[in-house]
Amino acid sequence: MPGEFSQENTGNGKVKHRDTKEKRDLITRLSRIEGQIRGLQAMVEQDRYCVDIVTQVSAVQAALNSFNKMLLSRHIKTCVVEDIRQGEEEAIDELCALLQKLMK
Amino acid sequence: MPGEFSQENTGNGKVKHRDTKEKRDLITRLSRIEGQIRGLQAMVEQDRYCVDIVTQVSAVQAALNSFNKMLLSRHIKTCVVEDIRQGEEEAIDELCALLQKLMK
Amino acid sequence: MPGEFSQENTGNGKVKHRDTKEKRDLITRLSRIEGQIRGLQAMVEQDRYCVDIVTQVSAVQAALNSFNKMLLSRHIKTCVVEDIRQGEEEAIDELCALLQKLMK
Amino acid sequence: MPGEFSQENTGNGKVKHRDTKEKRDLITRLSRIEGQIRGLQAMVEQDRYCVDIVTQVSAVQAALNSFNKMLLSRHIKTCVVEDIRQGEEEAIDELCALLQKLMK
């Protein structure tokens, strides 16, 4: 089915317990983005002008980028700091590898 | 309601008639992206690891970027070329303004 | 020699006559960027803090991006428009291919 | 003088002692980029075609990005890890603030 994630991308088995407020905040942002994607579908259905659609896609990309920045900051401030304190260097290599991908 | 577009962004009234195949292709891409967004919501619900979520967000951003590149190419090859041939310079200024935003 | 351009990248033989003012403006921007690169070398020599260097690199990238946006706008407003008026479609395909690369 | 850095950007007084090999590597990359900028000036002087210049600017941007990724990785693996081990949280906030800027 289109849109489903393949298991191999997400199968490292690690979990991250987020508190209720943080989780609700992340879900709310994603719901808003989902609404924006449906808005884009409606624009295509209605033969809307290309420039207007491209502009709205940019708005969605900005919202996803903002979501990612929030998630990454919290990841560093919690997971990474904890791992370093416990002498686990793995989190650092993982973070650097992730940033290489994000800054491509 | 979250996710709805404000009218002022989309109110220039221009339309763009796309053929059935092109329209179906655009809609299919957006449906797949919508599925990916719902997949992200499930990942947050399931306390999935931050790095896995950030990586999936990057995949969605790449899909949106690919959508935007396709739409922009078709816009240039149809709308912009036609307008220039009919002596309407407006499409050129509009395209340049759009690219300034996309390249920010 | 490092820094030199290989000939195959630049060998299509096309030229673009720019007026004196435009040329001077482009050269001035590049001289400023060259000065910024030398400033970065001095920062490394002086053992300056990583975060300060990364921040300055971002400033140089913004200056290059601004240079590129200016050049691309003028290209569209002159070369592309002219070619379309003369019935040469090639400029359009070339522009679309270029944008695919810039939006990667 | 164009291209010089204003002092306020770089005045936090922190230093970072890099070993000789790392320093030479960073300087070499910057020298190569400086050569590329001079190559761009020559292209403008010689009335080279816009598309060729824009393409070369993209190559320079990729080289700067690669420089920045290398510097950031080393920063995290040395400065940030050390600071966290010494109980200094400041490096984490600084890193997060930097990433917010880089991911804009």
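Letters A, B, C and D name the chains as they come in the text, with residue numbers starting at 1 for each one.
Just so it is clear, a contact is a pair of C-beta atoms (placed from the backbone, for glycine too) under 8 Å apart; a residue touches a chain by one contact, two chains touch by 3 or more.
Model, not experiment: these values are computed from the prediction.
Student: Shortest hop count from chain B to chain D along touching chains?
Tutor: Minimum step count, chain B to chain D: 2.
Student: What whole-number Å value describes the gap between the mean CA coordinates of chain B and chain C?
Tutor: From the centre of chain B to the centre of chain C is 26 Å.
Student: Would you kindly tell me how far, in whole Å, the mean C-alpha position of chain C lies from that of chain A?
Tutor: Computed from C-alpha means, the inter-chain centre distance equals 31 Å.
Student: Using the average of all C-alpha atoms in each chain as its centre, how far is it in Å between chain A and chain B?
Tutor: About 18 Å separates the centre of chain A from that of chain B.
Student: Could you tell me which residues belong to chain C and also touch two or more other chains?
Tutor: Correct list: 65, 68, 72, 95, 102.
Student: Select the category (line, ring, star, complete, other) that matches the graph of chains linked by touching.
Tutor: Ring.
Student: Contact residues on chain C for chain B in the complex?
Tutor: Residues in contact with chain B: 65, 68-69, 72-73, 76-77, 80-81, 84-85, 89, 92, 95-96, 99-100, 102-104.
Student: Can you check the complex and tell me which residues of chain D touch chain C?
Tutor: For chain D paired with chain C, touching residues are 1-5, 9-10, 12, 14-18, 23, 26-28, 30-41, 43-61, 64-65, 67-68, 71-72, 74-75, 79, 94-95, 98, 101-102.
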